[in-house]
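Before we start, here is the structure in question, set down as structure tokens.
Note that the chains are named A, B, C, D and E in the order they appear, and that numbering of residues resets to 1 at the start of each chain.
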Amino acid sequence: MAESLPDTLPVSPADPVLSVRNIETYYGPIMAIRGVSLDVPKGGIVTVLGANGAGKTTILKTISGVMDPQKGSVRFEGAEIQGRDPDWVARRGIAHVPEGREVFPFLTVRENLLMGAFARSDRGAVAGDLEMVYGYFPILQERSEQQAGYLSGGQQQMLVIGRALMARPRLMLLDEPSLGLSPILVKEIFGIVRRLNEEQGVTMLLVEQNANMALQAADYGYVLELGRIVMDDECSRLLESDDIKEFYLGVKKDAVRGKKRWRRKKTWR
Amino acid sequence: MELIQVLVAGIAQGCVYGLIALGFVLIYKATEQVNFAQGDIMMLGMFAAFTLIAIAGLPWWLGALAGIAITGVFGFCLDAFVLRRIIGQPQFAVIILTIAVGFVFRSAAGGVWGADPVSFDTPYGGLVVTLDENETGRTVIDAADLTIILGTLVLVGALYAFFRFTRIGVAMQASSQNQLAAYYMGIPVKYVISLIWGISAAVSCIAGILLAPKIATFDPDVGFLAITAFAAAVIGGFGSLPGAVLGGLIIGITEQLAQAYLPGEYARSIAPISGFVILLAVLLIRPDGLFAQIQRKKV
Amino acid sequence: QTRGVTDTEVVVGSHTALTGPVAPWGVGQAAGARMAFAEANAKGGVHGRKIKFIVEDHGYQVPKAVQAANKLLNRDKIFAMVGALGTPMNNAVLPRQIKANVPNFVPFTASRQMIEPYHRLKFLAFASYYDQMRAATNYFVKEKGFKKVCALYQDTDYGREILQAVNDQLKALNLKIAGESAHSPREKSFVGAITKLRKAGCQVTMMGTIITDSIGPFLTAKKLGWKSVFVGTIATYDLIVAGFKKGLMNGYYAMTSFEMIYPDTADPAQKAWADAFKKYAGRPHTGASQLGYGSGVLFVEALKRAGKNLTVDSFIAAMESLKNYQMPIGGPPLTFGPNDHQGSTEAYLAVVENARWKTLTKPLSY
Amino acid sequence: MSAVLSADDLTIRFGGLTAVDSVSFEVREREVYTIVGPNGAGKTTIFNLISRIYDPTEGRIRFGGADITETPAHRIAGLGIARTFQNIELFEHATVLHNLLVGRHCKSRTNVFEELAFLPKVRRAEYAHREKVEEVIDFLDLQPYREQYIANLPYGVRKVVELARALCTEPKLLLLDEPASGLSVEETENVAFWIDDIKNDLGIAILMVEHDMSLVTEVSDRVMAMNDGKTIAEGTSDEVQNHPDVLRAYLGA
Amino acid sequence: MRFVFKTGYDQDIRFFKHTGYWQSYGFLFLTAVTAPLYLGNFEISELTQAISFAIAGLGLMLLVGFTGQVSLGHAAFFGIGAYAQAWLLASFDISFLVAMPIAAVFTGIIGFLLAIPLLRMTGIYLAIGTLALSIVLEQILKSWKSVTGGFDGMAVEPASLLGYQFNPDSWDFYYVALAILILVLALCANLLRSPTGRAMVAVRDSEVSARSMGVNIARTKITAFGISTAITGLGGALFAHKLQYLAPDGFNLIISITFLLMIVVGGLGSLQGAILGALVVILLPQAITIMKDYLPPSIGHQPGLEPGIFGLLLVAFILFEPMGIYGRWRKIKLFFDIFPVYRKATFRRQKAYLKTERMR
């Protein structure tokens, strides 16, 4: 079934900087990604929507080399990067904002941020970028000498995003960047995403539960279910789709609600 | 004067433990792996130096340098070809693997160099600085002890600076704290780990070479000294370089004081294990050693 | 039919340390014994029986020794245990060995426990450590007039036996020990210990040590300018101790039951043996290989005397018939008899001169 | 309505940082009380104070009339306070079922010797625990995951398992730290249902921290907003959301 | 492919979850019971030794594999059990079967008391702390001459029952050992299916959340240590009869490391692992030794060959299967359970990444 997917996408964006073809990824015996193909155009923002456990994180991990797919290929700027170690991929210019707030707990906030610039050759520009990140997230500057392990959940999330920015990537993989952030910061994050994309031309691949925000920020969207892409389109059109509205945007609240109520077994008590 | 003599000996012995402990601590600091073969790597380093100096007849300094280099490369390769294959597996796998590797090293050394104790000459071997002399004897500082103390100071300083101030040093700490995130930063984690194994092996070899004139002879079992060095590292707080040396000093001085001043019956039952008694005492007061970096998990 | 004995073969075994802290002895001794058996086999064996010698390594660990013994006793069905190394290991193996009626022939440890309490299956060739150190204490007090006798020993069964010997002999001489110091077997630094003994004014220090922990204290004393006498047991009567750094150990004493063969100064027969050993084992001999060879030869002699009908009883009878037997490796003459399974209780005093052992006295006793 | 939990002048300092600064509030019976506030405001720290992971520098905490400021952390669950964690703290190398059974630990009355022999008493207790666990599994629709290892579950399911584990302790007060973060709209709705049911059907009071304002509005009876460790507003959801300080520091105008 | 339909809670509580278990464990049991029929005294004796180590390993497994606390000092508790057994038999006129549980409980009490200060330590600190403790305990065995015989050691009265004297190298004692092993296995399995066992696993995986679920961390750890040392002591008591003579240096670091090797090679976190590990670690060197007898003397007489080969095999083993034998067995089982739908990918090792263990 997965094998029979066409090698080219129905709507293929021109000049993809990242193209994923037919990847299949396993956790032990569990097949999490069942033949996914997607393209991210240069300078674009692409989003992947999907329920919990659909495999969004797994796709990002496969792209950045943290997991090896059993099949398929991942090409970045024309070169095959599948099967490489993640550090190699990162040095090629892909920054991954992982889920799960992966900070270096014993390093200070500042050292954490500087580690983000580890692979950069233009050492001179690092100081400026540090200022830029502090500008986005002033709280990080306040806490710059504190060990990162003691930051609050949201602060760690900011740190992880800021650290990825420090790498000056050409492609950013964002895995639920708004997770656990306050509403004001959620808006800010999407603002940053747009700004980086427009000002520095950073390409973005965005995974979000906050589908509304994601679809508004992105140009193109894929919908993932159980490890397969079931729909893909321009975001503006996805926003109009009834299914998307119902399942990802939570519009038609009452309808869904009523159905759920009815479906739920009330065995409790 | 007598007390000074005992203290100097204790300090030197403590530095020995500290030097060996540095090897553990380096690897732990950069990878959180615990290397149970550390003593055996030191043993191989000593035999490498022995081969170059006593058998091949190289001048001491040349043989020592070459021995250090060879051991360093060996450590790098050990990680690159053996340990790397289980990178990311639980700590325990690494512990058992290094124990097994230690078996192999001891057995191989026994096969190559035999089980007999050996020694090699050192230019400063036997030199002493006499501080005081009377009819019952003298108070001296042995050149071998002095070099050990100096060597320890230099190495600790250099390594401390390396971890604190160099980019690769911070990256090593980063990869020990969160391998996945380190990969995401583009840190070549595998290379970094092999590198630290190389450095650690070289440091062990330095320890061994400085140690050789002090311990008269060595054999393939000399690596068991590392057990006490382990205790030293733990007292200092595993992962802290100055801590390792401080822990070594605490144990070394305790041992010598116990030898010198415990009266008869206690001398018999406590002196031989005084180092471990002091270790227990320290751990009971500070269960994480003196300078450990431990955090309570933020939830 | 006796276990381990056929018309063409007699199987003997040994559990010893080919690895671990005392591997140099185990390796040397096993090679020596092997050579003795190989020589006998080359002559067609004893009464037509070839000797099959199975050596198991226990690395100086008790549980491994029990496993090794299990193999030798239950699988290989040995006739006798020859030169088993290590006091605790011998002790652990002995009960089952005795139950299996397998003689414990000249174990490679001179601990008193190897002969006491008496058992018909236990044989020891030479003086025990205990005998050696009592004789040494006796000698230095009586002959040299020393009053302040001390002990420096490793905290093991071996070290404690030496302490016991010194205390017992001093008691017999109406003296008290002047000072003592114990250390762990892996101790490398002895300044504290020497400082203590020096303060106690020891004139002679009896050493319950083996190789490195004999060299360490002796050199430390030298370094600290302390002139005192140090005496070790046969366990320190070793080429490495004497030859350390070509003369640094000059003046160190040890008790011994045999005499070290130095090929360049040895008589022709001994030299021939040394050459033969080198050829056989591929390395020069050590004291341990001399002892191993000696015990092998003694065993072959007993087999010869036991006659064609080899049983444990005939073997014991053969051993008990040995009177004033002279080992090819030198040493005091050995005499066994019913209820006396220790060949000799006397030992020589030797000293290091020009990096070599030199025997100073006739066999000493106390 | 009487107070289930009350905090008076809670303060905690970490070195120079005052993470929670004389905060007082009370949670009443059958009420959902929500704490909102910018990142680093000290919300999770309040949870940690209540579950006694941290010792307050100043202030008292009372639960059901008793002062629990000095109660050891492992007694808290037995008293009837259960919690979930912001960063998910499950027993990774165990199954969902096992995790939930651990949640029953505070209710177990057998001693280790009885357990070594697995006396009939222990077996009966096991049945009872299992019965309860199955109820919770049913309630939260976790049947498909019962035998799975946590390590194999997606984030969203883990969140539910955490909730389930907390429910297994049969609490009187439930502390939920960002129950809906990382969940899709649909799942967030489920959470809203569950919170309603927990409150109404089980009669459990809930203290919640959440950034999803739609969920907060939907389920909360009262809301408190914090900033920099201090309370800046308290009241109904609407009142708080229209408070100027809250708008400025948290919601963004 | 196997489908198991659950029809009652008992199915999850039972030792043998379905008929497959009955078949395989029944087969194992039969093999073990009939072993003396086709094995000689040598093999039986080795098995008995492996069993006494396996029992000690089960004790350590509870602590390391299930509670996540490392001990490098279990040899000392093994020794205490052995000495207690020998002393009880020497001092009182009781059967060895009565003495054994007393020795075990005695060891457990000592372990329990020592755990109170020790268990503030964790990880490597606990490992080295227990190592130091075992060195001190060993020294006590050496110095307490009136009870332990000091360095002279201590003979162990032979095990006898109603006038029948067991031969520790023979089938009769093997059955005693086997019975005790099965009993200990049952006790451990019982513990693991009840609240305390679950609390232990909870402590291993996350102390904070265990505490929030009402688990008393300190008490759980101390209980685990007590039970673990009691079981190890029982192994020691059995081993005392196997040894027949106790010397204080018989229970040193090398034995502690052997225990650790056993449980890791067997597979951490499974009772089966402790037993498989003991079989490998105890029997493999003997197998190498026997093989050596068939090698030409130039190789076979090479000193230090066994530990070297043993080390190499261990290295190869850990590289091949870091999860231990039981981990491998589970994979094999999975292969058959999901038979037609398995793929090679199922068994391929994914990249894995470590996180600091210094955060607790």
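Operating definition for what follows: a residue touches a chain if its C-beta (ideal position, glycine included) is under 8 Å from a C-beta of that chain, and two chains touch if they have at least 3 such contacts.
Just so it is clear, the model here is predicted, and its values are computed rather than measured.
Comparing chain pairs A-E and A-D by the number of C-beta pairs in contact, the larger count belongs to A-D.
Averaging C-alpha coordinates per chain places the centre of chain C 37 Å away from that of chain E. Distance between chain D and chain E, defined via averaged C-alpha coordinates, is recorded as 40 Å. Centroids of chain B and chain D (each the mean of its C-alpha atoms) stand 48 Å apart.
Centres computed as Cα averages put chain A at a distance of 74 Å from chain C. The set of chain A residues touching two or more other chains comprises 27-28, 66, 105-106, 149-152. Contact of a single residue of chain B with at least two other chains is seen at positions 106-107, 110, 115, 177-178, 180, 183, 220, 268, 272-273, 293, 295, 297, 299. Residue positions of chain C touching 2 or more other chains: 18-19, 23, 26-27, 155.
Every pair of chains that touch is listed here: A-B, A-D, A-E, B-C, B-D, B-E, C-E, D-E. Across the complex, chain B is touched by residues 44, 48, 53, 85-87, 89 of chain D. Put simply, chain E touches chain D in their complex at residues 9, 12-13, 187, 190-191, 193-199, 201-202, 204-206, 208-217, 223, 227, 269. Looking at the complex, you find that chain D touches chain A at residues 14, 37-41, 44, 86-87, 135, 138-139, 141, 152-157, 178, 181-190, 193, 197, 201-202, 211, 213, 249-252. Listing the residues of chain E that touch chain A in their complex gives 334, 338, 342-343, 345-346, 348, 350-351, 353, 356, 358-359.
On chain D, the positions that touch chain E within their shared complex are 51, 53, 72-78, 82-83, 85, 89-94, 97-98, 101-106, 108, 110, 112, 115-118, 122-123, 125-127, 129-131, 165, 169.
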